[in-house]
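The chains carry the letters A, B and C, assigned in the order they are written, with residues numbered from 1 in each.
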Amino acid sequence: MIDPISVFLLLLSASTPILFAALGELVVERAGVLNLGVEGMMIAGALAGFAAAYASGNPFLGFLVAALAGATISMLFALLTQVFLANQVASGLALTLFGLGLAAMFGKPFEGVRAPPMPMGPLRINWIVWLGLAMVPAIWWFLNRSRAGLILRGVGENHDAAHALGYGVRATRAAAVAFGGAMAGIGGAFISIATVLQWTEGMTAGAGWIALAIVVFSRWTAPGVLAGAWLFGGVTVLQLRLQAAGVDVPVQLLSMAPYLATILVLVLISARQKFSRHAGGAAPGSLGINFHALR
Amino acid sequence: MIQLVPRQGVSNGWQIATPLLAVLATMVAGGILFAIIGYDPVAAIRTIFWDPLFGPAASYSRPQLLVKAAPLILIASGLAVGFRAGIWNIGAEGQYIIGGITGAAVALALYPLEAWWLFPVMVLAGLAGGWAWGMIPALLRNWFGASEILVSLMLVYVAQRIAAWMAFGPMRNPEGMGFPGSRNLQQYPSAANPELLTGTGAHWGVVAAALAVLATWFLMSRHIRGFHLRAAGIAPRAARFAGVNPQTLVAFCLGLSGALAGAAGLFEVSGPAGQVTAQLGVGYGFTAIIVAFLGRLHPVGILLAGLLLALTYIGGELAQLTMALPAATVQVFQGMLLFFLLGFDLLTRFQIRRSIAA
Amino acid sequence: MTANVFRAERIGKSYPGVRANDDVSFAVAAGEIHALLGENGAGKSTLVKMIYGLVRPDDGRMWLGDDPHAPTDPRAARAAGVAMVFQHFSLFDALTVAENIALGMENPPPRRKLAARITQVSHDFGLPLNPGRRIVTLSAGERQRVEIIRCLLQNPRLLIMDEPTSVLTPQEAELLFATLRKLAAAGTAILYISHKLEEIRAHCDCATILRHGKVVDSCDPRAQSARELAAMMVGGEMRVIDRSGRQAGDVLLKVEGLSQPAPSAEGMRLKRVSLTLRAGEILGIGGVAGNGQEELLAALSGEVRSTPGTIALEGRDLSSKGPEPRRVAGLLAAPEDRLGHAAVPDFSLTENTLLTAGARKALVRGGLIDHAGARTYAEAVIRDFDVRTPGPGTAARALSGGNLQKFVVGREVMQDPRVLVVNQPTWGVDAGAAAAVRQSLLDLARRGAGVIVISQDLDELLELSDRFCALNEGRLSDPVPTAGLTLDRIGLMLGGAHGMEEARA
């Protein structure tokens, strides 16, 4: 009854928004910045992308605009944390609350209209899904093999040392935050343009937060992010399948599954880092700490 | 060149000035935003910030101020204690929902019993429910090192679904003709949380919020535990050296803020909301985060910030009615407020100096 | 005369409220090891930061060879031929040796080539390094090698070493100087920053002495005695410490078989540490940084609990007690890190007294804080320990290192502890404050308390302590009387040879 290929395709689709957002946040955190505004950037991308796709009839233009919107709104966070040295946790929360509000405010005219159809890519898989999959090795290569990636990791690991060696800590971090914003924007737009096919308020439903958890799960590696996104996608598909199959459990309880799974995964991975001496220290050394060159 | 020089201490003057500056900047930026989307900015700002208190319909909206401010202040008081200690409970919304459900559960289970002790027991149940929901992230952090930020936030989504399930399933009103939602507790005298003084909007939640402000003020400025909390937030190693057990601290902060959020949920469900519905969570738990920051994590500041944000809620509703402003305006305002506040905060910690480049 | 590689002329730099450097002129010749000598806060770090492009001078000029030297950032300085080994290593713990070195170079060769060059150069200089290892797994000495190799790969004309031996054993320091000699022989100019007089006398060709940001003298250090150099550095005679009037009494503190797991991946395990401390006695514990000093202090202060029966004060088992009960019993401690561990940076001095003195000075009763009492106590500490500050309301972060250290030690000493444990009591403190802190510890012991001084400054340990133990990889050696102990012998103890027999073998 269950066709494994179609289940896998569903899984790919369900995991793509999280994959984009988490890959972006991975780069941000590797640069030593904790941006809790992923949810806000995703919803901004979801709306801006949907609006652009709807207005132009071209879904790809929608994704481009979504990336721009996510990057733009992320600059508010970069300004606060990198220039005004505001607390990163609070600034990220502010970004999420602001993004959710902004999207709700500007989204009214787009309620109830449908997104233009997405042309399928090879193997009947959405082009954006392909793009997300391609980003995994690309980001891995960037972080581990490129000079710019090395500098970015250096900045995230020890910003004082990076500064002493003459690297621009704030500029590097601002660039990373912008990239994270663009990726979150694309992830959000995938929900509105390619999955739900319309705009509804609060439609990201915590996906940004799940993406943050998946970065922890990945132990700050790109392949780990893919694994985490698929795990999450799997739980989502399973939950939907069970709903469709009419299992005798209230829908509301089934729909908790992704969130409970996220908590479970977070606990398992944190416990592993806590109790095994050698696994520890995967998080970038300067994560979440603001940099201010004293003299 | 402009240089940032860290201040020797935190500037008290700027501590008070920055929230005011942030409010002003929000009004200006908000006005610009309104102009962009085609509303009269002056009228809109006046409708949101002035009319609820002094406008033509003020007699209706003024009592609403306390009704909306009470849960915000109650929740923010607890959150601020944790934020001071560097413990980030951002799932107060979930604790609020669960507190509302557990508190209501007592009443629904005993219906139609009338007894003077029913309401106090409900309050205890609300406190306990919120406390328990807050203890989940606390224990997961203490035992496994899981981030309390992410766990508490995930639990909001879980709590929302529990509320929906309750409203459609176990708690559905058997006399509700199939509509979702529990019995209305306002029509159940022993369980109701009524307006205590007619025309003020003050219900038991307002009393509780006032008590919470007093209690947290005492804790943070007179008691050694508050001192330890503040030390832990700035210098965790120094706090450990002083004798603070970090795990106890995590449990205390998440438990306390959870319990207060749970109580807020109970007062809401037995008062203004009246029943358990899928929409039990209306965002007080998130707005309270802004209240806590805007109030500088200080009990008196929280009191004022709570009233101000309550005003934006009422003003937002008013503007929705009279000017057809989108409902989400309030949310945008609140987000902007936090942005400006965090930005201006720089002034409390740094001096800005001009230096002549060589 | 050999040609000058580097020359500074009338360099000046001001910060708000401080003239960090004023009218500083000096020159470093090719093949020379040139010492920059001065107390903490004399302006040495600011000066080298200007040479390395991290800070720009307000006035004056610099030359590198015949070219004006005005780097806008460290990359420009590196391109011009300046390399620097930092006091606090500028290394990235989670990255590999090769990645760290690549970050310190302008145009690093491809990965494989770079790895091969690292292996080769490190081998040539007798400083073997594995390019694939992560920094976390390296010892302090090995980490410094990484910094040095990173500099060497760029063939610098001027190599700046900022207090490089503070984390090394005497033997490791010897190896470092041998390397520097080789480099100097090849024509590199070396600017060597330190406040350690003996090593400057032994190894440097020329010394420029800084005091309060100004050049006060320059000399050939080999022709001066350590006392003369110190007088130039401090500007007057060193205060002599009074060690008299102490007698060892009853056993106060007994530690037996104290083992503790490492607190983190970078931390050190404590392995069956045992010691006894008598009344009126000062026990010195030496060791290279990262050999368990912090962990030992945490175990004694109560920040980390230990197995029952391992720590007893006057016969009372305190092993499972936290910091507060230990303080009540009379076991007090002052950790190394002043800002953030011994004191809360943003708190006032008054509030900082509450951190440790709440119980013994009755500043906290039934959980309630006596703010007036705390203020009075803070004022007393400020007065008796000559802490230079506007008042008890000043934030801890606003104090200079020396003044904050006097406050932190004073806060504990004035509680009349039975036993006081201090870690690095004079680290980064100017000579005057250091002498005051040391004297207060001696006075405390004279009044009948026991004192444990954990320090990486061997001169300090020899000056203060009656008995000496070495802490090496979490193991504590048997104590030896300090009288008649030589630096060589200590070096061997620090290197892990616990008795003379092993050292001879």
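The rule we apply is simple: contacts are C-beta pairs under 8 Å (C-beta built on N, C-alpha and C of every residue); 3 or more make two chains touch, one makes a residue touch a chain.
Note that the structure is a prediction, hence the values are computed from the model and not measured.
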Chain pair with the higher count of C-beta pairs in contact (A-C, A-B): A-B
Of all other chains, the one whose Cα centre sits farthest from chain C: B
Distance from the mean Cα position of chain C to that of chain B, given in whole angstrom: 47
Where chain A and chain B are represented by their mean Cα positions, the distance between them in whole Å: 27
Interchain centroid distance [CA atoms averaged], chain A/chain C, Å: 43
Touching two or more other chains - residues of chain B: 6
Touching residues on chain B, where the partner in the complex is chain A: 4, 6, 37, 88, 90, 140, 143-147, 149-151, 153-158, 161-162, 164-165, 168-169, 286, 289-290, 293, 326-336, 338-339, 342-343, 345-346, 349-350
Interfacial residue positions of chain C with respect to chain B in the complex: 16, 56-59, 301-303, 322-324, 327, 333, 335, 337, 339-348, 351, 354-356, 358, 364, 367-369, 393-395, 397-398
Interface residues, chain C side, partner chain A - complex: 15, 46, 49, 53-55, 73-78, 86, 88-95, 99, 102-104, 108, 111, 136, 262, 264-266
Complex contacts: residues of chain A adjacent to chain C: 145, 147, 150-151, 153-154, 157-158, 160-167, 277-278, 280-281, 284-285, 295
Residue ranges of chain B in contact with chain C within the complex: 5-6, 8-10, 222-225, 227, 230-231, 234-235, 237-243, 245, 353, 357-358
